[in-house]
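Below you'll find the structure, written out as structure tokens, and then a few comments.
A, B, C and D are the chain letters, set down in written order, and residue numbers restart from 1 in every chain.
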Amino acid sequence: MFWLNKAHASTFMPPQGTEIATQYDSLYEFIVIASLISCVLVIGGLAMFVLKYKRKSETDKTAYITHDTRLEFAWSFIPFVIFLVVFGWGTYIYVQMRKAPDNAFEVHTFGQKWNWDFVYKSGKKSSGLMVVPVNTPIKLIISSRDVLHSFYVPAFRIKQDAVPGRYTKLWFEANKVGDYQVFCTEYCGKDHSNMLAKIKVVTNEEFEEWLQNNPYKGLAATEIGAQVYAAKCVACHQKSAEQASSIAPSFLNLFGKTRQFADGSSTTADENYIRESILNPNAKVAKRISGEAFSPIMPAFAGQLSDEELMGIIEFLKTLKE
Amino acid sequence: MEHDSHHIIPFKTYLNILLGLLFLTVLTVLVAKPVSGFDAGVLNAFIAMLIASVKAGLVAAYFMHLKYDNKLHLALFLISIFFLVVLFAFSWFDIITRIQQLSTL
Amino acid sequence: MSSGNEIIVGGHKVAHHFESAEQEFQASKLGIWLFLCTEILMFGGLFVGYVVFHNIYPEMFAEGAKHLDWKLGSLNTVVLLVSSFTMVLSIYYAQTNQSKKTSNMLLITFLCGLIFMVIKAFEYNHKIHMGLLPGELFTYENAQTANLAMYFSFYFLMTGLHGSHVLIGMGLIFWLWLRSRKNEFNKDYYTPLEIVGLFWHLVDVIWIYLFPLLYLVG
Amino acid sequence: MSASHAEGKNYLNWEKGLWSWLTTFDHKRIGILYMITVMVFFAVGGTFAMLIRTELFSAGPNIMDANQYNQSMTFHGAIMVFMVIIPGIPAFLGNFFLPMHLGAKDVAFPRINLISWYCLIVGAAITLVSLIYNGADTGWTFYTPYSIETDNGTSWVVFGAFVMGFSSILTGLNFIVTTHKLRAPGMTFFNMPLFVWALYSTAVLQVLATPVLGITLLLLLAERTMGVGIFDPALGGDPVLFQHFFWFYSHPAVYIMILPAMGVVSELITAFSRKVIFGYKAIAFSSVGIAVVSFFVWGHHMFTSGQSEAAGILFSFITMLVGVPTAIKTFNWVATLYKGSIRFDSPLLFALGFLFLFTIGGVTGIMLATIGLNIHFHDTYFVVAHFHYVMVGGTLMAIMGGIYYWLPKMFGRMYNEFWARITFVLIFIGFNVTFFPQFILGAMGMPRRYFDYLPAFESLNKISTFGAWTIGVGFVIALFVIVIAIFKGEKASDNPWGAKTLEWTTASPPPHENFLETPVVTGGPYEFR
């Protein structure tokens, strides 16, 4: 069976990033083989009967077989036993998938249209990239800031919905250094398919270094702003001229301009306005060029951005002029 | 069968059932906490639902003729209530067995 | 259809695809019972939601119940019970061929439904005045518990759906009253009375549960 | 009897004019109305499917933007589920043949039968109104809180689905009463054809499950208009509770879609092998068993939703139990072929196609029911492939087989056998080419409802799109075969297949009241001796 193991692992399933993924694949192979055998039995039997008992003449007599209790019992009971085995095995794997070791390293994970934010206990924040140490159990404490999302790592064979208003959990222990793809698998709107992230599994030393490291060290405010923009804003706010179909105002020529709001008031887009619009976006909802108001769908960023990052965005906005 | 479905319940039975229903209404109001201050603790809801079920049973059995009717109708009535209980039981089972996870930030 | 074998029982022409009046009567009753099943499950969804959230937020529901007037609720319970009684009497009088009384009982049933709705309207008016409204429309300011708006979401959804059934029932009973004045019902044919009656009793049964849940237990 | 049964008069020419069709109470004519409606909706839903597959031909935007894709995906799902597959077999083939199978003149409540058709039409019209308000982009599952806050015509789709629910309920109600009260003399429950058993089980599901969908959709409407907060976490509600409510209906709905197809297959296999069905009671009771157990398994759609672990394991266990009656049915059909006299007309080809696809759909269903495996497969293309194998491979195959099988009875005309086989080959091969690669895509980890995907998924997606185009061509040809047969086909005899169920004992097309004289039944439905 070894060759089959190899073939499956390398062709159909993603690489195995954890011990559980290996276990998972064994059960998967067992079911695939059992399924193949039953398909061969059913479809083979079907093909054989169909060819062998082809109608020869219009007056053919057919056998009058109404039932066979022993046969019927057999083909009810045997599948039932197989299903029970599969259920037991699957549950065993599931329980391990769910039960995080007590000493697991915790990473808070937030889904938000349309990116993943990761917050470490040390206060370190990261967007779209989770860095974790190898051979260490990692526990994710997951929530959502707007609608349902789902955190899915194919290589670890794990998945968990991010539910607004509560915390769900997930854990894994990566046993190989490398980059692993993260998808969002709960439909969440326009850029659902772009709500991707990476898990970077590194050695313990590299991880410690990353945790200490200030990513903005030595960068100018506008450069910090550009990074924050790329991570958090770009999904909705464009840098180009506003399209009629846009769901949010464009950032082009925004700073210093007079803004018209849904309630009829207006103000100049200065530092204070921008700060408020980020931290409490629904306080003033802007209108489109056509005069129709935008939908108040932007989540509040209060508590997510440091002062350094806020300053950065404001400086970055000042540069977006045409 | 034909006899059953066209069974005529006497006027007096109907009247007794109405009086019984009114009595139970008074009773349920009297034992309810917001009205009388009588507090049976966790049993408050249970008592109220028990009385309501007795009332509903009387209406179903006599006013809706289930007692004398085709048993299929009674079965349908019970089946629909059963599936309602299923909807509640499984949803509630999920909610009470959730392991609460709190933020550790 | 010009079929030669029409069956007429009690002044009513049996539909062409039935063999006998009894078959038609039984089919109609089974049909209405199945319909009542769908009603039970539809209201049941709301009841399940109510019980789930009641168990999660007991204090909030208790506070909500305090804002309801149990006296009006009790009065409405009595009104509906009496209307069920008169509804069943109208069938009783049809079964015993007393058509004048049948028609009077239907009228009383209709009027009970009307009284129920008028009382309900007073209650609604009071709630709207206080700002005790569902969800985002909630404007009441002295709430002691969080999410009190949800209690009133349930209150308005459940009584609203129930009230719309009362209105439909009243319409049907009014139609029966018009027909009964033309002496259409008798001991051999009272299928519409039976069917509408069953619907009306179900509306009553639902109220029997709504009353303690909303007004008393909270 | 009377003038209406004179020679040459049948239900088609009994009355004339469009108005006589729109106001008809004849179950056969209502069946034909459903046939036309379902075909139109299928064309619309199929067009959306072609748009989706064409967009996914290669990575990156091809023919539409993300919003348009999400709307296509929503309309494809909602139309196919609510307007095609759910009414597909019961309301079209069932309406036409359930009374005939029972030896009845009509369904119990002909007027309600017509109202149910109008509910479908009105519901569909309301759904289309959403297009004026910028469409809908929630997917057919309407998960909260996204469906509460998305700013477009979602409310109209929700309300349309609510109205269409009534159509389903009324059809189911009619079938149950007809089966109980209008059987011909001698037609005991165990003399009923298995198609009737399947429709009866379906009807029970329609009556008991659909009301819960109704109240769920009403609550969602209330959320969107008043923000009642029951499913909205911001107001203390629970979005996972919405999923419980939704799947309490929508899992049984999966069986509303597949059970009637199983009934059709039982008819086709016996008729074309000229053999008594193997294990009549086992098949009949497994229909009822599937219907009942299907109410206890809905949580297997929610293994990763934030549902508790204990509930997930419980639901996984009960789901395994549904596998047993399904397996029994499959084995019994295969056993029926043993020592038969098998003729390869296209209805049988579709039935065999059903068995092939349904077996694959079934075994992958077991993989998905296994809670450990489900975690990886959930909401990926594996699930998409699985339910298309069951619902398209199952239900659509059965509808096509059923249409060809009963076409001579419905219209008194034969279809072109050669072209019908061509449609089978195109649909069958196209189907496997479309959906088998999706199993692999899912195993590789491609999530569903994705407008764009990673380059690694591209080659399999290309194959899948080619397959979809093949299916499209197959169905276009099938449409021509059917329409040409109805208007230009050769005259068919009353019983061209030599089948034994009651509908073949009357004229083709049948007279207004189905049978000139009420049939008297003396034995089982498949007495090929």
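Note that a contact is a pair of C-beta atoms (placed from the backbone, for glycine too) under 8 Å apart; a residue touches a chain by one contact, two chains touch by 3 or more.
It should be emphasised that the depicted structure is a prediction, and the values quoted were computed from it without experimental measurement.
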Minimal step count in the chain contact network, chain A to chain D
1
So which has more C-beta pairs touching, B-D or A-B?
B-D
Report the inter-centroid distance (CA atoms only) between chain A and chain B in whole Å.
45
Let me have the rounded angstrom distance from the C-alpha centre of chain B over to the C-alpha centre of chain D, please.
37
Separation of chain B from chain C, taking each centre as the mean of its C-alpha atoms, in whole Å
16
How many angstrom lie between the centres of chain A and chain C, each centre taken as the mean Cα position?
48
Hunt down the residues of chain D that sit against at least two other chains at once, touch-wise.
180, 208, 212, 238, 240-241, 245, 306, 309
Scan chain A for residues touching two or more other chains and write them down.
166, 168
Listed in rising order, chain C residues that touch 2 or more other chains are 26, 30, 34, 37-38, 40-41, 44-45, 48, 52
Touching pairs of chains, all of them, please.
A-B, A-D, B-C, B-D, C-D
Give the list of chain D residues in touch with chain C in this complex.
1-4, 104-106, 108-110, 112, 169, 172-174, 176-177, 180-182, 207-212, 214-216, 218-219, 222-223, 226-230, 235-238, 241, 245, 512-513, 518
Which of the residues in chain A come into contact with chain D in the complex?
12-14, 24, 27-28, 31, 34-35, 38-39, 42-43, 45-46, 49-50, 53-56, 58, 60-68, 71-72, 75-76, 79-80, 83-84, 86-87, 89-95, 97-98, 146-148, 150, 152, 154-155, 157-161, 163-166, 168, 181, 183-194, 245, 295, 297
Sort out for me which residues of chain B touch chain D in the complex.
72, 79-80, 83, 86-87, 90-91, 93-99
Which residues of chain D touch chain B once you look at their complex with the stated criterion?
180, 208, 212, 238, 240-241, 244-245, 248, 295-296, 298-299, 306-311, 314-315
Give every residue of chain C touching chain D within the complex, in rising order.
1-5, 15-19, 23, 26-27, 30-31, 34-35, 37-46, 48-49, 52-53, 57, 60, 133-137, 146-147, 149-150, 153-154, 157, 161
